[in-house]
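Just below sit the structures, each encoded as structure tokens.
Two complexes follow with chain A in common, the first pairing it with chain B and the second with chain C.
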Partner chain A sequence: MSPKMSSQAGLSRLGAQIAPIVIVCAIVFALPLILNNDFLLNKVARYLVLGILTISLALSWGFGGILNLGQAMSFGIGSYAMAMALKLKTVPVHTGSGGLPDFMVWNNVARLPWFWEPFKSLGFALAAGIIVPALVATGLGWFIFRSRVTGVYVSIITLATMVVLNLVIIDQQSYTGGFNGITDLAQLEIFGMAFDAYGRATFYLVASCVTLSLLVAFAFTRSKAGLIVQAIRDHEGRVRYFGYDVAAYQIFVFALSAAISGLAGMLYTVVMEFASPTFLGVQLSLSVVVWCAVGGRQSLVGAFLGAVLVAGMQGALSESAAFLETWTLVMGALFVLVVLFLPKGLAGLAQGAWRWIVERRRPSRGVTQSVGEAREGSA
Partner chain B sequence: MDQFFEQIITGLSIGSILLLVALGLSIIYGSMGIINLAHGEFVMLGAYSAWLFQTYFGLGLLASLVLIFVVVAAIGWIIERFVLSLLNNRPLDTILATWGVGIMLQQGVRLLVGSELRYVQLPPSLSDSMDVFGLSVSSYRVFLFGVTLALFAATWLLLNRTTMGMKLRAIMQEPSVAASFGINVRSVHGITFAYGAGLAGLAGALVSPLKSVSPDMGTGYVVDAFMVVVLGGVQSLAGTVASAFILGELSGAIAFLQNDTVAKALVLLAIVVLIRFRPEGLFTTRVRA
Partner chain C sequence: MTTHLDLRDISVSFNGFKALNGLNMSVRKGELRCLIGPNGAGKTTALDIICGKVKPSVGTVTFDGTALHDLEEHEIARVGVGRKFQVPSVFRDLTVAENLEVARARRPAVWANLRWDVRRAGRADIERLAELIGLTEQLERPAAYLSHGQTQWLEIGMLVAQDAELILMDEPTAGMTAQETRKTAELLDRLKGKHTLVVVEHDMGFVKAIGDIISVMHMGQLLAEGTGAEVEAHPEVRRAYLGSGGITNA
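For the complex of A and B:
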């Protein structure tokens, strides 16, 4: 194959990979035109946020091979960062005496704790919602990957760490709102623009963040670092023998994934209008894994759609308790089937169908096809 | 001093329940490499079987123990046969598959029996308390401790003194070589999983008089039991025993000094640090991986 041809093939492959992202983002932005109901729009925004969270897991799990069972930890940190800032913005009626949040007054806290102080600045909170999860992930990643802990043990450590943080938040009621979380928040206002949870502005904010997350994650998977991360997933030892610092790459993808889920957490607080310990609970964390697996862990768009569809379906059925319970049962069965027979999820199914169509229409293009198949075989 | 002994006994009691749940998990994980997140659901099924036998057949807890073991083991065997045996050499996927199975079991029970709390009666012969080192301890807890040790002994004998155990140990070393010597890997795996599930069912049945029975009662146990297995070392039964009682005493002591939440958080943190520095567990001598 001449270099020119290969670069052309590369370009068309790039096009084929970015097309689904463009289509999905366009649909997301067009949704408010179809959905003429603020309540419904808010619900959809919620599913989109969960979609962002699932993209972040696809990055670390599907591409990095790191099954993070505590993905919701970064999500929760982001969510609390936003909630703390918005709580301090509430009008004095809600905040009790001296600008203290109401739950602190109920718990006889005399003055604002030091770690609440900086959250009086919204800018700080917005930065913290992304940077703190990334820093925590870097620390945890350093702790895990520098000692070459792999596989199942990574999952146990991430899960246990999240449970610890969850327990601490519930236990320290006077500083965190405990089991109830942080409620009665002010509206987010950036540069004079108010983001009402049920308004269009919030929906477009979420849609923009979906696009941003998809593009950042996609760019990373196409970068050199992203390729090395995928190589580490497939064979850690070989990459190490080539002289790469395996742990550094793992820590990076771990932190990037945490930053994205921190962003999702902040949006979740805006859309839900509260923050709660359940946002970093085991239940949510495992649900994210399910969404990711069903949608396709090795496809960013697939993972995103998996979350939106499954969570959306669950939400739609939750009107009736009997439906919901049956649905949970069906969900469990579906999940087992996907794990057993569709390791690449629905995205893998779609890719297979697409390849089948292309193959039938253009039998002459054997070269690209065999490249595709060779990649398939090595994965 | 009395308080000290009381703490020790509380710890032993927590530890024996932990061990009971962890024993089955340890066997399944240690010998098959399956991270069984449905283990808590087997515990729950055991508790529900106890309730079922008591309410509909009038059988006391002690009389139905064997039946409960058989019922839950059979369910475990079916799951191994039709789900897990399809997942050879994909240990991370077993986490996902067993979690899905767990949801199905939990939801199935919720749909069939309802999500109300159920109660199982203490066996009348064990409802009084007895004197241990000058302290009054509930007889049932002493009984639990005894049963736990007996089950541990039985498991150890099965593994180390029977042909079945020998086959299993051969498979643990190297499945393909074991298979070439004529050992039926699939059937041994099926029986092992069934045995582990049965043990979990017994644990659930034995715990049921102490706690209320509900469809999601197993969730808490599986995390704790998993920590026991990790702490004890994956392929070491004796390690599992030691770590169950260490964790029991530890959480008992910290809960006494601080509170339950702090105890749980500290124990989890300790385990995270332990995995970092000794992923093979505290009590394992390196075996062939």
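For the complex of A and C:
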């Protein structure tokens, strides 16, 4: 193979990797043409947002080898950032200008707490929804990866940290809305454009963010830094012997993943019209792991589709009379089956099928390969 | 040529067992030095000392004027010391080209490696390297699909990609067929001069084929040093290998 030919092969590999992203995003944007029902559109938008959350886990788990069981923590922080800003917008209507959010009035809070103040600016809230989760992840990652904590201990620490934040939010009812979360929000309005949870604008906003997240994550995995992160997943010690600072790379991918799930969290508040402690709950966080495994954690598109399909199925099952009690069992069985028989998830299945088709259609390729090997052997 | 790598009075013990006991050895720039000796002689430990995996209890290691025994593993790697371990350690899920790309660790910082053009810039380098190690056809294949010999060559290629001035290898031909061993000998022959190589090896035929100077170790010390014929004739060496059928069958 001449150098020119092999770089062409590299290019076609790039094409083969980006094609699924383009196709999936095109389908997502076309959905409103098929689904002529605002209620259904809102439901699908919700699944798409969960898809973004799962992309973020695929990045840290599938590519970085960091099984973050507290992935929903960043998601929850994002959703509260958005909810706080949208709640403050309702103050003039609910309690008069200069007043407080309604739940604070009920809890006899005298002044707006200091950490609520900056959320009067929507721009700040939008930035915070992404930057705060990234900063929290950087801090947490610094402690985890600088001390060379690995494997199951990373999962335990991330899960425990999320549970702590969850409990703090529930406990501090007068400042966070507690168990009820932050409800009764204003509509998101950016540059005069209103995003009604059941409107097309919101759906397209979500679809754009799906595209953006997939592309950012894809660009990262294709970069050299992304390659080094995958090498760390395969063989951490070996990477260190090349002179790389392994912890710095792990912290980076951990923070990037948190930023993307923060974005998803903000969108979730817009689509659901409230923020709740369940958004950073254990159940959601573990569900993300299942979606990611089912879709294929080493494929961004696979993880995304896994979330949309399985979350959609969860929705359908939990609403159907037959599976009202047992849908969690069905989900558990699905997870076990995938782990046992499809370690690379649905994406691995699709890739295998695609390779099978290509190799059957182009038998000549197999011949040149074996010639190459024969020459190798006789050398 | 002057001394490039110098080990002085190195001692190290594991739970009271003296793996190295006052080892002295110096290697010149561009040399291919073979390290042989009976089991437990301390050959692998000597490599561990150089690359920083094990710290000496006594003694100094200097490489190109830098004191290695004070540095951390990744710092030693940045000074230009590359290590190939006995168990092949390549990144199995990455392709051959990607493995070589990761090994090109000239700019180790995260931000420097986020740029898009970093990988395109190294492509020509990687293709040259693949040719050197005979893996041009396998560039886009995952490393998991390589044969044992190919995996070893890939790992040697990764050390070259790393731009390691000093390459340490622990039994590179273990488990290889005769043909693969011959190819490896050719490869090492092409590397010497440009790189300084220290190779731990059991296969005496291989050692005689590639080595300029052979260092024989025994009980944590240097026993003899010289060309293949010289060490074979050495009476101390004959005694050390007594009972194992002589040095040729070690």
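The criterion applied here is as follows: the second predicted complex is superposed on the first by the 355 of 379 C-alpha atoms of A that agree within 3 Å, B and C clash if a C-alpha of one lies under 4 Å from a C-alpha of the other, contacts with A are read in each partner's own complex, and residues count from 1 in each chain.
Heads up, the rule we're going with is that contacts are C-beta pairs under 8 Å (C-beta built on N, C-alpha and C of every residue); 3 or more make two chains touch, one makes a residue touch a chain.
Predicted model only: the values in this text are computed from it and were never measured.
Check the residue A:Val163 against both partner chains and state whether it touches chain B (first), chain C (second), both, or neither.
first
Is A:Gln230 touching anything from chain B or chain C once the two structures are fitted on A? First, second, both or neither.
Only chain C; A:Gln230 stays clear of chain B.
With the two structures laid over each other on chain A, which partner does A:Leu286 touch: chain B (first), chain C (second), both, or neither?
first
Can A:Phe242 be said to touch chain B (first), chain C (second), both, or neither?
So A:Phe242 only meets chain C here.
Considering only touches as defined above, state whether A:Asn37 meets chain B (first), chain C (second), both or neither.
In the superposed model, A:Asn37 contacts neither chain B nor chain C.
When the two structures are overlaid on chain A, which partner does A:Leu329 contact: first (chain B), second (chain C), both, or neither?
first
Which positions of chain A sit in both the chain B and the chain C interface?
None.
Which positions of chain C touch chain A when the two form their complex?
51, 73-75, 77-78, 82-83, 89-94, 97-99, 101-103, 105, 108-110, 113-116, 118-119, 123-124, 127, 134, 136-137, 139-140, 150, 158, 162, 179, 183
Quick one: which bits of chain B touch chain A in the complex? Just the residue numbers, please.
My answer: residues 35, 83, 86-87, 91-93, 95-97, 99-104, 107-108, 110-111, 219, 223, 226-227, 230, 259, 261-262, 264-265, 268-269, 271-272, 275-277, 279.
Given the complex with chain C, which residues does chain A contribute to the contact?
Result: residues 1, 3, 6-7, 9-10, 13, 219-220, 222-225, 227-228, 230-231, 233-235, 237-245, 248-249, 252, 298, 369, 372-373, 376-377, 379 of chain A touch chain C.
What residues of chain A sit close enough to touch chain B in their complex?
Contact set of chain A toward chain B: 67, 69, 143-144, 147, 149, 151-153, 155-157, 159-161, 163-164, 167-168, 170-171, 282, 286, 289-290, 293, 325-326, 328-329, 331-333, 335-336, 339-340, 343.
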